[in-house]
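What follows is a set of structures for review.
After this come two complexes, each holding chain A, first together with chain B and then together with chain C.
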Partner chain A sequence: MINEPFAAGNSLIHNLDPRIRVGLASVYCFVIALAKHTPVLLAAIVISLSLIFITRVNPREIARRLVIVNVLIFLLWAVLPLTYGDPALFRAGPFSISGPGTKLAAQITLKCNAILLAFIALIATMPLVTLGHALNRLRVPAKIVLLLLMTYRYVFVIEQEYHRLLRAARIRGFRPGTNLHTYKTYAYVVGMLFVRAAARAERVNQAMRCRGFNGKFYTLQQFETVRHDWILATIITAMIICLLFLEWSHRA
Partner chain B sequence: MNANQPLICLKQISFSYPEAPPVINQLDLDFYRGDRIGLMAPNGSGKTTLFHLIMGLLKPISGQMEIFGKPVKEEKDFFEVRRRIGLLFQDADDQLFSPTVLEDVAFGPLNLGKSKTEAIEISRKTLEFLGLAGFENRITFKLSGGEKKLVSLATVLAMEPEILLLDEPINGLDRKTSGKLIDVLKNLDLSYMIISHDIDFLDATTHAIYTMANGKILVDQQMQVHQHVHAHPHGTYPHAHET
Partner chain C sequence: MWSRRDHRRLTKTDIRRQTNVMHISEGILSGPVLASGMVLAAAGTAIGLKKLDYDRMARAGMLSAAFFVASLIHVPIFPSNVHLILNGIVGLLLGWGAFPAILVALILQAVFFQYGGITTLGVNTLIMALPAVISYGLFGRLIHKRPTIASTAAFACGSLAVLLGALMIGLALMFTEENFWHVSAIVVAAHIPVMIVEGIVTAICVAFLKKVQPTMLPGSARPQTL
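== the complex of A and B ==
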């Protein structure tokens, strides 16, 4: 269900302190998301691609993820240029391709891909468990971290339960089709899944209380920042500052 | 506290789930230090409910409970109880919620206020005692059924309890793993109560086997374990015999 194809690796970025990676990725994303000028976004794409290049992760796996996001973006390309209004880039009969609409669609495409690539390079290259611990160290509220880690832990159990229910239906001759019986069966499966998840949550809570849980969450993982962490962090920070500078110079 | 006083003393405890007849009906129980008791009773007779009442996960409708010589009623009374009594749940997936084995085992000790180093030390020792050395960084949900059960036991033992309550510990385990569990239990210097449907397992691990009926524990009708001769139509596979 959840694979972590990028988490294993031994590149400069894989070895970078997870706390620094989370911090840099957050700042970087904000800068890209708020940038308004195309040259800045083009530069961001280059930076993101070079980060990906450093991680040396499987390009095919990355392409697969990019395709998913860009299918959604394609819908924007189908709508925005036709509906955004004047001034038109060119007209063909009753249709007109809007200039600002096209620019907006292009910017959104660049932003999404730059952010996604940066996240794959910086965040997806650590196991989710490590991410949880890094967030904990960065003083993200314990409840959110706990929610993340528990979701990760039990999503597999719930998936198993889902398959168990579906198997139970199938061995009694259930074949999905386009009819009310199918919809009803799926509704039962989903309903049952919620009931079981709630019951499971109750039992997990009981088990935690039995072991003295009182809302406080401890992690054992220690993070260490070594010198090469700081060097890499400084380089990435410098790039972010360059992006900001570029953005301001275009604005002036 | 007097040595002859029961560790767990339930008097006239009743409990029922909403809109259902009472599962536990004016039940009395005295559990002493050194007791090793098996509970064998039909499904739905209230065995698990009894354990949950002792741990304070369910509140009785009436009756008094004294655990370690102190009356317990409120949630805060049970903090002490949960520290000194370890409950092993039926489903190991309920018990193991941390990502890694070491973290799960260390969870209890950390909650008891141990430092990180102490907690790790205790966890490693417990895992080693159960023959699980080297499991520290394994991912809990990727363990096999038997491994999950043993790690759950480790999470309970790491809190250094005085009493263990084991809810169907060998359910779904093969002969080899349940044999391992028998060895572990025999080597523990602990009092415990075990719910199980396996007479051989209870015979090997407990001193007395009680049953439950009509919401009460039947102590005076102790089950008699007897030897019997039987054939193995499928060869030696179905079960191995100890010699």
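== the complex of A and C ==
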């Protein structure tokens, strides 16, 4: 099932103003993504891990997500050291392990994990509705926010519909395999999902118009920036500036 | 008979089984590639939003949700399985609206499963949405012709959308670093089975929609909304 395992919680970061979290996360992720020097990336991993530590979310959930992302990174480890070219780290017969290739793969691994951990700590710790409203306050176009909230509202409904269709297929004895019958069944399931989604959208649209919908979702949730928000935001900003300084000093 | 394994295989929306093929992870691409991806995705999204008035908003949101759920479906292809991408169908159903719909689905994916994130959002949106719009432009009108032409066009629509996406991943990697050539080649090759499955599923799905709800498809006699 689709769920948001990190959204509930009570920690310094969970209580931090969502607008600040979105802003800081964006800046921080870009700083890491554009960094070129290994010490900066090591520092970033440490910062991201400490953010995760502050949020006190379930480490097993985080480990599961890290594993999946690192499976993709594993492909780079399998290919880059062998193909990147000279100078070689060492040779064994026809094979040579490329020095720069290994370094690049290691850097990408660090970057990817640092960004992922920061994203979990700062963004995944808020419910999507809060994220939508925070984006709205940060002047993201209203239509995108509306679309995001609509999609979020109905993703669970449609997931249930999907499971209903699957159950129906199952009690008729459907077993997936590599054959045309399977592809046909899945194509019909997908088609039916789209048909039902469109029909539901029409009903929802009519209902919303009846209630005077004018293109805006109102929220009673007020975002407030209190003193401890400013303190935490300043600390994280200071860390980002340190990273930038570290990057710049290595470049010089 | 129906075994536990079959059951698991059928209800695998579980996060552990998620291996999203059509996207680039964080931390790989260079600054210029990320920036150009973002600019192009923003432009596409702006066009898409302009074409979506508030009356079509509910529909776009709902289809985006359906796209999100449908892309969790794993389809077996011996000896492994692939999961559906469906950007071809989304292109057919939404036209330029595919850009905002896919962008939103990717944000949900990032928040729920942490695939991709903030920096690659632009590139990943572009990788899925631009092929969707291109195949909509190429094949949108052909799907109402004779059944043979229509199903060929739908097959081409589905598989071309995947192929173009894979090529764009390859290009993004190559622009980042010329030595990524091998990785790019592997990525494109890995998408060949996906292309075939997507083509078949898209062809059958379009035939299904033509029978069940032809007004959803582009170029039908009645207007698409309401």
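The rule we apply is simple: the second predicted complex is superposed on the first by the 250 of 252 C-alpha atoms of A that agree within 3 Å, B and C clash if a C-alpha of one lies under 4 Å from a C-alpha of the other, contacts with A are read in each partner's own complex, and residues count from 1 in each chain.
What we mean here is this: contacts are C-beta pairs under 8 Å (C-beta built on N, C-alpha and C of every residue); 3 or more make two chains touch, one makes a residue touch a chain.
For clarity, every value in this text was computed on a predicted model and none was experimentally measured.
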Partner chain in contact with A:83 - chain B first, chain C second, else both or neither: second
Touched partner set for A:208, first chain B, second chain C, both or neither: both
Partner chain in contact with A:60 - chain B first, chain C second, else both or neither: neither
Which superposed partner A:139 touches (first chain B, second chain C, both, neither): neither
Partner chain(s) touched by A:200 [first = chain B, second = chain C, both, neither]: both
First (chain B), second (chain C), both or neither touched by A:129: first
First, second, both or neither for A:152, with chain B first and chain C second: both
Of chain B and chain C, the chain that contacts the larger number of chain A residues: C
Partner chain in contact with A:220 - chain B first, chain C second, else both or neither: first
Partner chain in contact with A:104 - chain B first, chain C second, else both or neither: second
Interface residues of chain A shared between complexes with chain B and chain C: 149-150, 152-154, 157, 200, 204, 208, 213-214
List of chain A residues in touch with chain C within their complex: 1-4, 25-26, 29-30, 32-34, 64-65, 68-69, 71-73, 75-76, 79-80, 83-85, 101, 104, 108-116, 119-120, 123-124, 128, 131, 141, 143-144, 146-155, 157-159, 161-163, 166, 169-170, 173-178, 180, 182-184, 186-198, 200-202, 204-205, 208, 213-215
Chain C - residues contacting chain A, complex: 2, 6-7, 9-11, 13, 15-16, 18-19, 25-29, 31, 34, 45, 49, 52, 54-55, 57-66, 68-70, 72-73, 75-78, 84, 86, 89, 93, 100-101, 103-105, 107-108, 110-115, 117-119, 177, 179, 181-183, 186, 197, 200-205, 208-209, 212-213, 216, 226
Contact footprint of chain A on chain B as seen in their complex: 52, 55, 57, 79, 82-83, 86-87, 89, 91, 93-95, 97-100, 102-103, 106-108, 110-112, 116, 119-120, 140-141, 155-156, 159
Touching residues on chain A, where the partner in the complex is chain B: 129, 132, 149-150, 152-154, 156-157, 200, 203-204, 206-214, 216, 218-220
